[in-house]
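Per-chain residue numbering starts at 1, and chain names A, B, C and D are given in the order in which the chains are listed.
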């Protein structure tokens, strides 16, 4: 998990500092999950980066991640199934990790 | 006598910093005596300190965390500390100890660590949600 | 089951307001109708142009602005408290509904709770 | 204590000392027909007749006694923890201040 070409990360693969992110970082982290980033992935990654800049939080839970995407990009993309296909596992966690955002608190 | 009622009890005041845990315990005992049910207890904010296994008051003072643990175990009532509140304040179970690679865990049984979803569910399932706050 | 979470503590001096925000976010996550009401010194949450980097905290103004996106139905504030703290239309953040009667506002919700 | 009847009005449970800002917010939020229980530090409000508390306001005996207020004149209406449970049975909307 400690790829020397990546910025410092925690034991779950999240960046310690969201400012140290670059698109290349995203590609490398995604490849660990065998995800090849397409246009559709980048749209969500950019949405998350913008969301973090505007609100200074990661979407706190997967449900709220889906809701926020729906609010910004519409019903089709703001669905669990669409996001699960792009970011397998727990989409909010996987997408935040690739986008360089802090781990969602999952307090919900 | 009116019908039995189900309560969710939320404690947000810490032991020794407030009376919240003791008032809540007196209330909970009386509610059961009156034939009511307590669905769950949820610790939030400073209330999570009630779930520390390391609190050690002098032997001639009431040990509120222990009194609560004994009550919960005797009555078989589930109790949870909010994960975000607990992590900030250093109340840690073994899972979170491993996740964050911490030196120790200190969650007192039978409390569990859980999300605010437990509180939302309590609001929906119980007839009443009652809050016991700190004094500041 | 509609729930009103009340914030009466000013921002930054304590975490109580942030924990109120977590409560309302979690209601929204489970599609429960919810709103926030700011009263007393709590209305200072709603002042625009907060710049807390000097005290190494995140901006509650920015955190709060995620609320509509998550489905929190309303951000309410006591008009008299806003006046007391010198908050005007020009200095209030967008999307706040002012109330003239806190008792009437409380009556509109089945659940009313503080974070602490 | 006085007979309690089922009510659609709000039950306010107040634990803050009367000087606490939230006590003031509670007073402003109060409707004429609401019920009020003073617990913990809030029972100190019984020492101040200038506070306009409703006639139906009651205080927890244990907290009154603990603070040496048992001989106050006029005497506050006092209730037990069991009475507090009964009040929560009878009110659907309860606000803890």
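Heads up, the rule we're going with is that a residue touches a chain if its C-beta (ideal position, glycine included) is under 8 Å from a C-beta of that chain, and two chains touch if they have at least 3 such contacts.
Just so we're clear, the structure is a prediction, and the values are computed from it rather than from any experiment.
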{"item": "Where chain A and chain C overlap in contact partners, by chain label", "value": "B"}
{"item": "Chain pair, B-C or C-D, that carries the greater number of C-beta contacts", "value": "B-C"}
{"item": "Most widely separated chain from chain D, with each centre as the mean of CA atoms", "value": "A"}
{"item": "Chain centre separation in whole Å, for chain C relative to chain B (CA means)", "value": "26"}
{"item": "Between chain C and chain D, centroid-to-centroid distance (C-alpha), Å", "value": "27"}
{"item": "Length of the line joining the C-alpha centres of chain A and chain D, rounded to whole Å", "value": "50"}
{"item": "Separation of chain A from chain B, taking each centre as the mean of its C-alpha atoms, in whole Å", "value": "34"}
{"item": "Numbers and ranges of chain C residues touching at least 2 other chains", "value": "22, 26, 29-30, 111, 113-114"}
{"item": "Where chain A touches two or more other chains, by residue", "value": "61, 105, 107-108"}
{"item": "Shared-contact residues (touching 2 or more other chains) in chain B", "value": "84, 115-117, 131, 133"}
{"item": "Category of the chain touch graph - line, ring, star, complete, other", "value": "other"}
{"item": "Full enumeration of touching chain pairs", "value": "A-B, A-C, B-C, B-D, C-D"}
{"item": "Residues of chain C touching chain A in the complex", "value": "22, 25-26, 28-30, 58-59, 62-63, 65-66, 69-71"}
{"item": "Complex contact set, residues of chain D against chain B", "value": "6, 13, 15-17, 20, 39-41, 62, 80-82, 84-86, 88-90, 92, 94, 96-97"}
{"item": "Chain A contact footprint on chain B (complex, rising order)", "value": "82-84, 99, 101, 115-117"}
{"item": "Interfacial residue positions of chain B with respect to chain C in the complex", "value": "10, 12-13, 44-47, 84-85, 88, 115-117, 119-120, 123-124, 129, 131, 133-134"}
{"item": "Of all residues in chain C, those that touch chain B in their complex", "value": "1, 3, 15-16, 19, 22-23, 26-27, 29-30, 32, 111, 113-116"}
